[in-house]
Amino acid sequence: MNASPASVVSARKLGLTFQTSDGPVHALSDVDLEVEKGDFVSFIGPSGCGKTTFLRVIADLEKNTAGEITINGMTPEEARKSRCYGYVFQAPALYPWRTIEKNVALPLEIMGHGKTEQQERVRRTLDLVNLSGFGKKYPWQLSGGMQQRASIARALAFDADLLLMDEPFGALDEIVRDHLNEQLLKLWAATEKTICFVTHSIPEAVYLSTKIVVMSPRPGRVTDVIHSTLPRERPLEIRERPEFLEIAHRVREGLRAGHSYEE
Amino acid sequence: MRSETFASRIGPVLTIVATIIVIWYAAAVWMNAPFQRDLDRRGDVTSTTMEFIGKTLSQPKPIVPAPHQVAQNVFENTFLRKVTSNRSLVYHSWVTLSSTLAGFAFGTLLGVLIAVGIVHVKALDRSLMPWIIASQTVPILAIAPMVVVVLAAINVTGLIPKALISTYLSFFPVAVGMVKGLRSPDIIQLELMRTYNASRWQTFWKLRVPASMPFLFTSMKVAVAASLVGAIVAELPTGAAAGIGSKLLAGSYYSQTIDMWAALIAGSLLAAMLVTLVGIGARLIDRRMGVRSA
Amino acid sequence: ADITLQLKWVAQSQFAGYYVGEDKGFYDEEGLDVEIKAGGPDIAPEQVIAGGGADVIVAWMGGALVAREKGVPLVNIAQPYQKSGLQLICPKDGPIQTEADFKGHTLGVWFFGNEYPFFAWMNKLGLSTEGGPDGVTVLKQSFDVQPLVQKQADCISVMTYNEYWQAIDAGFKPEDLVVFNYTEMGNDLLEDGLYVLEDKLADPEFKENMVKFVRASMKGWKYAMENPDEAAEIVMDNGGQDENHQKRMMGEVAKLIGDGTGKLDPAVYERTAKALLDQKIITKEPEGAYTAEITDAAMQ
Amino acid sequence: MTLFLRSWQGSIALLLCLLAVARLPLLATGASTPFAAGGTIAILLLTAVGALASFMRNSRAARALILFVTAHTAAWLLIGGISGNEGDARLSYFLLIAASWLLGWRCISELAEIRPASRQTMMALRLLIPAIFGAWVLILWESITRGAGVPFILLPPPSAIWDRIVSSVPILAADVRQTIFKAVLFGYVVGCAAGFAVAILADRISFLRRGLLPIGNLMSALPIIGVAPIMVMWFGFDWQSKAAVVIVMTFFPMLVNTVAGLSASGSMERDLMRSYASGYWQTLVKLRLPAAMPFIFNALKINSTLALIGAIVAEFFGTPIVGMGFRISTEIGRMNVDMVWAEIAVAAVIGSVFYGVVALAERATTFWHPSNRGG
Amino acid sequence: MNASPASVVSARKLGLTFQTSDGPVHALSDVDLEVEKGDFVSFIGPSGCGKTTFLRVIADLEKNTAGEITINGMTPEEARKSRCYGYVFQAPALYPWRTIEKNVALPLEIMGHGKTEQQERVRRTLDLVNLSGFGKKYPWQLSGGMQQRASIARALAFDADLLLMDEPFGALDEIVRDHLNEQLLKLWAATEKTICFVTHSIPEAVYLSTKIVVMSPRPGRVTDVIHSTLPRERPLEIRERPEFLEIAHRVREGLRAGHSYEE
């Protein structure tokens, strides 16, 4: 395989078919994709087009049934075993018997960080997602959006080089979303992380990404990969610039083409 | 609801107990009447209905002893005897309780260990379960004497054989419940652990164990009751020297039904106490785990 | 020397001699340290001794001869009970007055190795035990006289020294009952004897200990017969139930002990073995199943 | 070390093999029919070949097959050689038995790791693995009892038990009919239904919940030996009293589990029902019972074995002269220990089938539960 | 209480405080609100400001601890018992043992509709949310967005006059979202339903609503109620009109004011 040395995710003719009792479901087919170190890649596409499935293949939570994929030159399994990535699920998946604080500390406990460092990191990441003061609450005492933010904090708490985020900001209002978008960009800029980000919001995708992957369903395939021409430095106001609107338009067109129902 | 008062908890219990006692008296009269009639006929006694009812409730060896007979017996054998006397129910209960607790502890431990093995080792999952099940269909009363005989032959006597038989009965509910419980975490919760490349050990402690708690405690309630049954059964072949089982057996040799019922009541109270204790344990754990009060 | 004695049943005056021997120090006098293990409803002393859990057991001849055939070479070394205490009782107001009335009725019998005398008797009467109008229906009887009280059986098995008195306690007067006594009918098979393993007996030291044991036990039995109330007390101290009952039992047991020598009457032995053979409970004539050496030595 | 870990069973088996060679012969001198030299060598070779094969790097299936053949042939030869020599086995004999057992273990581990493509193979494996496991329980039992000459009336070898089963089919069938088809089935159904009904009642009527549940706990450990004689007094000698004992025994596990299961549904799921102003019974049937199913099946499984024990043990306390419990207690008294074990074996088989049926039903009804979706 | 006769939801000084182990949480306080028949009311506000809580009070899933509230002139409990509303939860809350079809049919079963009518309605609503063909699948076989749509279908299946929707479109992409927005408006226009709708998207709120309720957190209170001047007939293009943008601006300002952290 001749992935470039800086390639973080490299997929070749990737395919995945689920066997269900009423026939096979082709969730992914013929996906070719190259994510380079430092990329911020957004995945956008209709519901059920395989975005989550693709992230899950990267994370070694699902095995591809065709093609090949490497993460940092390793198989997904090796990558997972070397704790290459942090994953934010589409649902918060907090453990109900742990307080928010303890939930965020979970990966740190598992990776064996010291007690004081754990506390420090938990405090910092809860702050980042604006949840300080809720650390001692249990998940069911929090609103949906707050739970989602807690799960983001959990993924950020340990410093993985690759972040896989499945609609992390879906349940958040525009203001918090803008805020977190900015924070995420800052984090990304400062740390040279690679981020794979599933979203349904076109402006969000355009605002955040260096590369936008547009997908279409049944079977899930990549219909377009748009390289952003925006600078890495992105104030919120960038969203009014014509370049921005142009990219957004291109994404919307790609998206629309993939949809089966259009009046 | 915390506002639940003591009275609102105890009231229903008392009502139900009262109902049961009334039914019990009726049953006692009804079940004891035929024998009393025979007795009167052989003794050529005639009596009024009230007298007759009185007699059915005061037979020395009735088929169904009247509640007051049992109560009196329990009272005498609990409070009026030295606790070290072998006629004291407290003494017998204690003997049984000690082997029950030992058996319950072993049984829970063994059940959990087996469940852990089954959940983690595929070879065990595939091969062990059917045989554990088969083992439970072996009637204990049939093997209990053999176990005791064999153990006695290698000089293991006293508490341990009884505790072992009680273990044999109690590990099964725990094993079955824990296998279910340890497998109860949502897929997404397990996948989270996978993304951290958590070791099996970590996944076990941080996810499977907490998730299995409701199952563990439900099975432990069944198991503690089973341990008690096991401890009682195991007392028979040990020469039935002491314990609730020996009381029951001795009562049954001589048709001393009142003694038997008293021992049964003692056993039941013991069981209720143990089950309640496990329940309290469950509640404490629940609170520590921040479970939402329904 | 340490000796373990396995009884056939729970502590009761049926075994008073051994408890008295222990309590009065008769074993100590012989230099023996005897541990008496009570039995229970599902303890087979024959199995205990085979497993090494006892040195000497109290067993019924029927069970012992069967075990001998199954590879546990039991030998009778003494027979303290020279008569049988087993009987069948029926209420007089019931359908059964004589042996001829059994047909088509239900009889309670103890199993667990105690059923041989009954089946031998039925064999003699030519009655089938499979039920039906021409046979008798057999019930496995529980530990007590309830089947009689409850009329679940037409007749039940009792021991003269135990369950019979429970029936009396339950309100049956002796004249209300029809009694079939196995001894009186000549159907008795030897009960409570002392048995040891044949190969152990080859060891002179063990043999010597057994002589001492039998001597002390018979001394205990004599003492118990002379002081029934005290013997019953001793039994109570060892876990017996119901003091009055134990005293009465001691009185009845005394009638079965006979001359107190513990000697086995070869004639009764022959009859027992024949009954078992007739019934095909054992398949071949037992050999060497008893020895008079021990009792002879003990009673010198 | 890594080589050792690749197949620790194989390593130890090899070791045991060598030790056995050092301690030959297999049987005590003076055994009536000692092993032929060829037989001994064949056994040693088989175990050694099996042990070495477990280190091979070929396919799992091949390894499993070699292990299967060597381990079982060796065991077969060892057991075959002991007949006529009961009690004469020496240390090396047991070492070889242990070695072949380790190979059998290894065989199971290998089989468990196989992931077959087709459903049929999968099913076959699911049956084969516990079968091999069970076979080894029997092999060890047979070889130890016969090798060491354990007295027959303490523990008969499985072969004797099997002979007894074959020669007593009519008796066993009559006993099963009496105990299982009358007492157990009736008691199980009624006991489980009663536990379930009381749980629902207690759930529905909070007065009963507070009054009845503590008393339900009281019933939890009504000791079977106390209840059995009483039930015989009340319901007579026949199967009805045994069914009553089974009812008492199965009631409590069902009660406890159903009560726990009824509170197992999630709060949002319950809110949804509330938003429909769904009635008590509708919520029960459509939400709470399905959510309680894993718990209820738990009880059904535990009860399937409890019921069997209950009925058999209850027969110790008076019965007509048929039934598994009757036979067990009677035959022990007659020293027919093989018959006792024959009954136990039959009970175990029936109990396992019973349990298996419940487990299948569980799989079919709680397919949605995470524990049945892998994990 | 002098609620106007057409008032569907009428709250007066409504307050709700949760008692938690570490002190009370004031989720709502002093909320005054009037929702009239035929209104389409959107609730917007930062995460954790009490939107869900307010909907839950209307639905009688939570009891207010202060003030008063009536639904169609009744108490929330009476309203619930007379099956006044359909509720879409923030999470899909599908029953795992039922197929999608069966999940959607659940309220119909409970409310006692006939078998054929059930089938008919299920078919229609699954069509509406573009899930026809997935009726026989189980929830865990569907993607997150598909599950969310199934739960919307479930709430639409029985014709409640009042719809309470808690971020129903949060997990959907823009195109599907637009599509469902249009469908919802159509449905609303055709049936004169009253809809209470929680969203985090300002354009969505403006596009759909006749009334936009802006809330702010700790304690949750209503900071602004904006009456839309847009016509009831709303093509998608309306989102480019200046009136639209003006309302959106006002909402954004209100929202920003409520946020505690602003750089």
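Letters A, B, C, D and E name the chains as they come in the text, with residue numbers starting at 1 for each one.
The rule is simple: a contact is a pair of C-beta atoms (placed from the backbone, for glycine too) under 8 Å apart; a residue touches a chain by one contact, two chains touch by 3 or more.
None of the values given here were measured: they were computed from a predicted structure.
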Minimal step count in the chain contact network, chain A to chain B
1
Chain E reached from chain D - shortest hop count over touching chains:
1
Looking across all chain pairs, point out the one with the most C-beta pairs in contact.
B-D
For the identical-sequence pair chain A and chain E, what's the CA-based rotation angle in degrees, nearest 5?
180
If you take the mean of the Cα atoms for each chain, which one ends up farthest from chain A?
C
Go ahead and note the Å separation of the Cα centroids belonging to chain C and chain E.
86
Taking each chain's centre as its mean C-alpha position, how far apart are chain B and chain E in Å?
52
With centres defined as the mean C-alpha position, give me the chain B-chain D separation in Å.
23
Which whole number of Å gives the spacing of the CA centres of chain C and chain D?
39
Quick check: what residues of chain B touch more than one other chain, meaning two or more?
63, 141-142, 145-146, 149-150, 186-187, 236, 249, 252, 292
Multi-chain contacts in chain D, i.e. residues touching at least two other chains, fall at 154, 229, 233, 267, 316-317, 329, 332, 369, 373
Where in chain C do residues touch two or more other chains at once?
41-42, 44, 47, 51, 142-144, 146, 150
Show me, using the given definition of touch, all chain pairs that touch one another.
A-B, A-E, B-C, B-D, C-D, D-E
Flag every residue of chain C that touches chain D in the complex, lowest number first.
41-42, 44, 46-47, 50-51, 63, 66-67, 70-72, 111-115, 129, 137-144, 146-147, 150, 152
Touching chain C in the complex, chain D uses residues 151-154, 229, 232-233, 236-237, 315-321, 326, 329-330, 332-337
Please output the residues of chain D touching chain E within their complex, sorted ascending.
266, 268-269, 271-279, 282, 286-287, 290, 293, 366-369, 373
Quick one: in the complex, what on chain A touches chain E?
18, 20, 22, 25, 44-48, 52, 90-91, 130, 136-137, 141-146, 149, 166-167, 170-177, 179, 200-202, 252, 255-256, 259, 261
Across the complex, what residues on chain B touch chain A?
186, 188-189, 191-199, 202, 206-207, 210-211, 213, 289-292
